[in-house]
Amino acid sequence: MSKIITLREATLLVRPGDILALGGMTLYRRPVAFVRELLRQRVGELTLLELTGGFESDLLVGAGLVRRVRTCYFGLETFGLAPMFTRLASSGGLEVVEETEATIAFGLRATLAGVGFMPGQGLLGTDILAVRPDIELVTCPYTRRQLVAFPALRPDVAVVHCQIADRNGNARLLGNKAIDRDIALTANRTVLTAEHIVDSPAELGGEIDLLGARVTAVVETPGGAKPTSCFPLYPLASLEILDYVLACQREDFASYLERFLGSD
Amino acid sequence: MSKIITLREATLLVRPGDILALGGMTLYRRPVAFVRELLRQRVGELTLLELTGGFESDLLVGAGLVRRVRTCYFGLETFGLAPMFTRLASSGGLEVVEETEATIAFGLRATLAGVGFMPGQGLLGTDILAVRPDIELVTCPYTRRQLVAFPALRPDVAVVHCQIADRNGNARLLGNKAIDRDIALTANRTVLTAEHIVDSPAELGGEIDLLGARVTAVVETPGGAKPTSCFPLYPLASLEILDYVLACQREDFASYLERFLGSD
Amino acid sequence: MPKMTADYTVSDLMASCIAHQVNDGDVVVQGIATPLVMAAYLLAKRTHARNIIFASAIGNAICSDWAPLSLSGIEDIWVGKALRQLTFPEIVCEYLPTLKPKEFLRPAQIDPWGNTNNVAIGDYHRPRLRLPGCGGIADVTTYYDELYFYVPRHGRATFVKGLDFKSGLGVSPGGPGAAAKGRYLVSDLGTFDFSGGRLRLVTYHPGVTPESIQAKTGFPLAIAPDLKETPAPTTEELRLLRQELDPLDIRSLECLSGPARWARLREIANLELS
Amino acid sequence: MPKMTADYTVSDLMASCIAHQVNDGDVVVQGIATPLVMAAYLLAKRTHARNIIFASAIGNAICSDWAPLSLSGIEDIWVGKALRQLTFPEIVCEYLPTLKPKEFLRPAQIDPWGNTNNVAIGDYHRPRLRLPGCGGIADVTTYYDELYFYVPRHGRATFVKGLDFKSGLGVSPGGPGAAAKGRYLVSDLGTFDFSGGRLRLVTYHPGVTPESIQAKTGFPLAIAPDLKETPAPTTEELRLLRQELDPLDIRSLECLSGPARWARLREIANLELS
């Protein structure tokens, strides 16, 4: 069963208002080619669900396509704050659902287990609970200890960039694994963009990380994570990230975006 | 840091009354050499915690060293019922804590997460809950759905047989993974028996399944899973399993055990 | 085991029936000690369902490739051909509830509504026969959308009016398993659905009469209005089973019991050594 | 950044201080964007703590081998040298609560009791500055047995009497984090413990006076009775840092801000391309 479609067709799987989960982390193996096409289509009102928001996430925010972000870190790591996220979140122009590693990890695991919550340690005594009134506590029936009931999280669409996939969507992730398996399994629709597509799983060269049975569509996008990294195929393009930050510091996001959309 | 000790020394880590978790499944990659030594030492009053009980588990039960079993299946698969388990459990000579895949899997995950329970689907409407009065229900604070609160499980000692380990206890499992990673991480003491021990993790030839930081001791036991299998090194010794079953059918467990303890 | 009128065994017929329940693209699960189901899945894969994915209790793995059935080398397919090996908690806590795969369960007891028992015969605390346990049946039958059963030795010991212990949910309305539809059962005597929520005979195997099936069932059977004979396996199905998928006829072990089963096990074990 | 009187930078000194907090056999975690900590861990590994295990937020991996620091090729160590790659939920839901590793956190704000803020400066709902977020700090500080902090640019903006937002638990008694002992902090001015539950100056860096540290701290500092100067890094530590572990001096980025930082980033990026 071939699920190969074009990038344009794949972006049609994202609808305005969707919870869009992006694979990879911050500046590593991000689905940048997919996001570029999404920016062209201007699909908006999105809730962005990510382990950590980074370069292409900041472009989506800067372009005004994001209503709400759900992530435990949004920045450019050693390259500093994510300029557009920082600006919009500071000015109230962006809703931030304050997540932590545990709210995301246990939230996805709850969905995987088919239940509404997972109990875990964390948050108690911090101010996170004050700004997350949707999070309830639960008492362990055995120890009587109060625990956080991390609520189930389910993306509408997951988009993951991988090094290699077969036509059916079985795929390997060679860099960090992030939450990609979990968003791919839980999302209602899952899109893979791949550096390279092979015919059969036997040609993948190792164990799969993503199971084709839960993948909706596969798109071949060589270089599709640039300027973020795609280990071991290409490293992070540090200079490009710096150029982006400096453009924003010059209040020049719009022309950066224009250049970015013109490139392929 | 070398953690290599002898089999005899390793069995001293098991104390009478311990919850002993055995790695592998039924007839696959079982720590048979370790159990043989344990039978010689006659460490008793054990609670046996296993994903599925099989050959060497039945020997422990038959030898009278097991007070209680916690497993979701105890048998010899295509070779039929486990004779001594079946006899003692039918006559009331053995306490069975009725487990399912979920009570074991979520129970270990609760311990890993540092909490007293994990909620999951399952059991509701079956008679399992009637014979497991220790299992409580919990209400999901979001959906109001009643769920089973699978109680945390923690072995005192975990014993896992692996194909290859380093001196520090980093190890690979080449056959099924079973619950071995989970019992090794949660147990208070973890013993690895290995077909082959190398000096450094670089010599393991692939990603580790078990983390040395949580391993107490490593023992070199070539052929240590026989007559169960150790994929891909040796297959299940089907005839030996048949001989065991037929010996028990002849009411000849004692002499089978004697022969077994005499062999190495 | 009924006599077969044609040139095939009842396990061939059952494997064919099970294979026909598998659709292309399905994710199918094989439980512990169920070689007949494995033969059927391979048959489906090699005929009409090329794209099925296997999940195996033994290998703790997801596979799309296959190997012939083996007694001693059961891991050759489930581990050797794995797309990915998983830890058992990953399977139980994540993959099964998410994928809700298709699985064929073999009950030790089954009631008219598809509730099952694989735990103990007689009183639980002092059973006449302690069984191996229910594995994950008490878990998955509370959330699987569809349930499938097979019974290799149809008799009143298995088809009972009331269970000694309920370790698997059927289609009884009101309970948490109400949504679970036990929609198919195949035995060595016939095939059944649960139309109307109750076991119903749909086809009888060649050489078997509906009356003899009722006589071996511990409760009154509903009968489908279009009751007919079970279609025989095709020549190609038989060729695949015998020559490629299961040349040692391991699938037939499930239809045997007692000394015949031990003798056959020894025969197969010796054949695999040679 | 204080002037250093000797032939080393303040980031060399901080890396040395952090390395000395690592014991052989520890499992140590590196968070996001913390190259100074990474340099320190590598230093520990190459000197007194050969058997430490690294867990990395970036690589989602456990490593025992190492590679030199890199800006563009940060995955070369964390993925390329992994003992095992993990999914992030495995790390968060299983490995961190089980291993309770040692981690060095960099707070944007920290109060006298070690409570921290990495979420927002000013009012949460309309912040003067929205920060990237706390990652897992709000999780792990509720159950880690020990807590470690580092502050590369010591000032009243960071050391505050009251936090704008509490996203990490310190040692405040009574709360669920009471057991968590924030037992060490190193800044570019000195080193501290939390003896008595409150930040206490233990050593001042060469060229820095205790008075100047107090002046740059937004609350009164306790002072250890045996207050002394921070020992300088050894020649061998400096050789390792400069020649083997971090020849591009990526660790110093954390002590820089503004245009100096951007210029240095560009310099390193260009060096890595050539």
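As written, the chains take the letters A, B, C and D, and residue 1 is the first residue of each chain.
In the analysis below, contacts are C-beta pairs under 8 Å (C-beta built on N, C-alpha and C of every residue); 3 or more make two chains touch, one makes a residue touch a chain.
Since the model is a prediction, treat every value here as computed from it, not as a measurement.
Both chain A and chain D are touched by B. Interface comparison, B-C versus A-C: the higher count of C-beta contacts falls to B-C. Chain B and chain D have Cα centroids lying 41 Å from one another. Between chain B and chain C, the centres computed from C-alpha atoms are 27 Å apart. Within chain A, residues 106, 109, 113-114, 118, 120-121 each touch two or more of the remaining chains. Among the residues of chain C, those touching two or more other chains are numbered 85, 93, 97, 143.
Applying the touch criterion to all chain pairs gives A-B, A-C, A-D, B-C, B-D.
The touching residues of chain D, when paired with chain A in their complex, are 32-33, 35, 58-61, 71-75, 78-80, 85-89, 91-93, 97, 119, 124-143, 165-169, 172, 175-177, 250, 253, 261-262, 265-266, 268-270, 272-273.
Across the interface of their complex, chain C is touched by residues 1, 109, 111-114, 168, 170, 185-186, 201-202, 207-209, 211-214 of chain A.
The touching residues of chain B, counted against chain A in their complex, run 106, 113-121, 136-138, 140-143, 145, 147, 149, 151-152.
Across the interface of their complex, chain C is touched by residues 25-26, 28, 51-52, 71-75, 77-82, 85-86, 89-92, 96, 98-102, 104-106, 108-109, 118, 120-128, 131, 174-182, 229, 231-232, 235-239, 242, 245-246 of chain B. Within the complex formed with chain B, the residues of chain D that make contact are 25, 27, 51, 53, 62, 64-65, 82-85, 93-95, 97-99, 143.
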